[in-house]
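The chains carry the letters A, B and C, assigned in the order they are written, with residues numbered from 1 in each.
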Amino acid sequence: MHGIEFRDVAVRYGSNTVLHGLSLAIAPSEFLALLGPSGCGKTTMLRVLAGFVPYAGSVLLDGRPIDAVPTHRRGIGIVFQDYALFPHRTVAENIAFGLRMRGGAAAAIGRRVEEMLELLRLGGLGARYPGQLSGGQQQRVALARAIAIDPPVLLLDEPLSSLDKKLREEMQIELRQLQKRVGITTVFVTHDQEEALAMADRIAVMNGGRIQQIGTPREIYARPANRFVADFIGRSSLHPVRVAGDADGTWRCTREDGTALRAVGPASASPGAAFFLSVRPESIALAAPDHVDPALNVLDAVVEDVVFQGGVSHVRVRAAGGALFACEERGPGAGRGPGERVRIAWTPEDGILVPE
Amino acid sequence: MSAGAAASGRRHAGVAIASLLVVLVLCFPLIVLVGVSLNAGPRQVFPPEGLSLRWYLNVFDRDGFRRALQFSLALATLSTATALVVGVLAGIAIVRHRFPGRDVLLTALMSPLVVPQVVVGMAFLMALSALRIHSSLLGMFVMHTILVMPYTVRLVVSSLTRFRISLEEAARSLGASPARAFRLVTLPIIRPGMFAAGVFAFVSSFENFTATQFLVWERTTLPIEIYGYVQTENDPTAAAISTMVIIVTAVLTLALNRYIGVDAFARR
Amino acid sequence: MRAGQQSRLRLATLIAPGTLLVAAFFGCLGVLFVQSFLPSAGMGRLGDGFTLASYAAFLGDPFYVGYLLRSIAIAVYTTAIVLVLGYVVAYHMTLCGRRMRLAISIVLLVQFFTSFVIRTYAVMLVLGRFGIANRTLQAIGLTDEPLRLLFNEFAVATGIVLTAVPYMVFPIYGSLMAIEPNLRAAAESLGATRRRIFWEVVFPLSLPGVAAAVVIVFLFALTSYIAPGLLGGGYFDMIANLIYDKAVNAQDYPFAAAAAVVSVATTLVLVYLMQKGFRLAIRGTER
């Protein structure tokens, strides 16, 4: 299996720098998700890897630079966002296309095509044209075509974004299982954080042409490296705070209005430093207005609004001083309504200090 | 759509009658032309005085028409083929590349459409004589290529603009060199547009009269020959050759409809 | 850098043939422009030096300017007639069934593709002394003598109108089809009558197509050569006939060139004014 490395890769369109010298290593057989808002440069990363755009820096496949290798000799499998199935070719011809470019015996190509149709549960559709398939089927044909050539790396550019929610969730599982079975190194682009969290071995969070954080889904979720990641993943409440000092493994810090809170953060933090306090909605407990617990961070608050979503209710509260917190309550909620006085509480370990 | 359309069609009976009347009036001269060509007698009258195909035979007996037809076909074929190649190359540059002067080039390639034909023809005549070029054949070929180029450029540009570049990229990622990806994927997909471009270009070269008449001292084209004939002669031979051209045109139009759909084509 | 050079070379290869042809085209037009300022030595020969004599000869003589004015006048009213006829057909095409639409499209396209010489000749056959028009008029007793329907302005205008209609229909049809169908439904639900829906929704939104088609037809009509040549028979020549005659028969290149320059300039000004007017009318209808 094959590993990839980006070294100081930079891309600019005219005066617009789209990638700012990224470095990133992807291990053999790894499933890496590139996650970030639209326009942050995810597709550009894939296009660099595929050799579609000129770039500065270097891309290595198995330790060897491939910068001078043109696209058609890189042999990288790509599933395009719009699938890019050849409309004038049947499903079987689409899947055979890459094999024919490599020039194999017709019989061998036929066998490989059958194998792919089988693998992706496309049996019986070989003679159809792409226009005659559903979105999910087209997606599988695109996948079959990309992996038929047995590429060292598979690139997927938001492959599920045009499917409806239910089909998308099915395909997430299917794709993940297929990747594990074939063991192919995969770079998966998405702007959907849940998709990235559910599927990837590791996630690279991007913004503005820079990688903000690389880590396992759990790391990214529990220990966001900066304000952008904390904000982009989940529905954290973020508030500016200053470090006041340390207290048994956690940091004491103060909000703008002077309230003191405790939180975990980088060991390098020093008193006076400015951070953002990030708290996940599910970490915040809503309690009665007279609740007290010295081990917790506790704030007085007023309910702003409640959105009922079946299994959970999203409750937004405004704490003293005006800061908004997003909270979650399991079940139908305690029938809370706007204006109700509550207290919100969370443990020091659930409050994370992140830099700007 | 159809039920609603039928209902509103009934409600718009006035429009329908007026429109069909217009279409009929447009067709009527051509019907007369076909009738005249079938005359048994030597007069150009309609309805024909007896039916015969003698004027059709007469077309082939006359060297002038035969040679003009041959030359027109050759000229239209050559200038269309050249304009298609030029149109595809320039179209790729215009759609796929960003370079200074791109809009100027596109405007310039389209400009022969807006310069009056009589001015184009005279400009070529003057240029040839200023350059002391005595043969008109090369000038005629260049002029026709320039005159039909706007059609090929426009249709190639619009086909390539609609073409999804990711298809070509997919082919390259699967191992096709850029040239092979263009041949195997891009070309088949823009082919209907190129076919339409070719038909437009061929027809407008084949039928060109006003610009061409300035350069006919060596060979004449069919429209020139017909124009001259109907001014001096008074028998249905010109109607016969015209009818043959119309029939070929109609067949071509039906083929176009089969291939890309006249409706899409009419709307472009 | 090597890659940059290579892609520049590829770009140059792509645009070279087109640029060459464009250069040839503008080169020829340039020759025409230059020669309009040269003195004529007769018989296609040119003198030396710079003179405005040809412009003076053309613009100073009401006889010659008359060709241009006549051409503008006939272009204006034939375009108006063609607009009405073409609009009716285009509008009908958006209302009728699929088969009817296909039939009309094919009829129009065959016309579109048929040589002007042939179509004009066909009109000549209808209007001629023994043509079907005259014979019908005599048969129903409207006239005893054959009328002179050919070789006058009426014949030329008829020829222009009949050959130009297809050019008017297609652009208008395109812009009518582009109108969101819900707009009509919305207008109807708001209580608009069919007449008001047409004048307040459909027609304004079709103006871009109308503008394009009117410019095409106007240019075509103004520079007609074949219709006056065959149907006017020398009794109603337009500006294009004058230019051809001066260039080829009189071999007075500078005069023909000056007449061409003046008429192209006039045409451009008229088209510019027309487009400006349409832009004003369209502005209110843009989304």
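Heads up, the rule we're going with is that contacts are C-beta pairs under 8 Å (C-beta built on N, C-alpha and C of every residue); 3 or more make two chains touch, one makes a residue touch a chain.
All of these numbers come straight from a predicted model, not from anything done at the bench.
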{"item": "Central chain of the complex, centres being mean CA coordinates", "value": "B"}
{"item": "Winner on C-beta contact pairs when B-C is weighed against A-B", "value": "B-C"}
{"item": "Centroid distance [mean C-alpha coordinates] between chain C and chain A, Å", "value": "59"}
{"item": "Separation of mean Cα positions, chain C and chain B [Å, integer]", "value": "17"}
{"item": "Whole-Å separation of chain centres (CA-atom averages), chain A against chain B", "value": "55"}
{"item": "Touching residues (chain side chain B, partner chain A) in the complex", "value": "164, 166-167, 169-178, 180-181, 184-185, 188-189"}
{"item": "Touching residues (chain side chain A, partner chain B) in the complex", "value": "50, 52, 70-78, 80-82, 84-88, 97-98, 101-102, 145-146, 149"}
{"item": "Chain C to chain B touching residues, read off their complex", "value": "11, 13-15, 17-19, 21-22, 24-29, 31-32, 35, 44, 85, 88-89, 91-93, 95-98, 101-102, 104-111, 113-119, 121-126, 128, 130-132, 162, 165-166, 170, 173-174, 177, 194, 219, 222-223, 225-226, 229-230, 240, 243-244, 247-248, 253, 256-257, 260, 263-264, 267"}
{"item": "In the complex, chain B residues that touch chain C", "value": "2, 5-6, 8-9, 11-12, 15-16, 18-20, 22-23, 25-30, 32-33, 36, 43-47, 85-87, 89-90, 92-93, 97, 99, 105, 108-109, 111-112, 114-127, 129-130, 142, 145-146, 149, 153, 199, 203, 206-207, 209-210, 213-214, 222-223, 226-227, 230-231, 238-239, 242, 245-246, 249-250, 252-254, 256-257, 262-263, 265-268"}
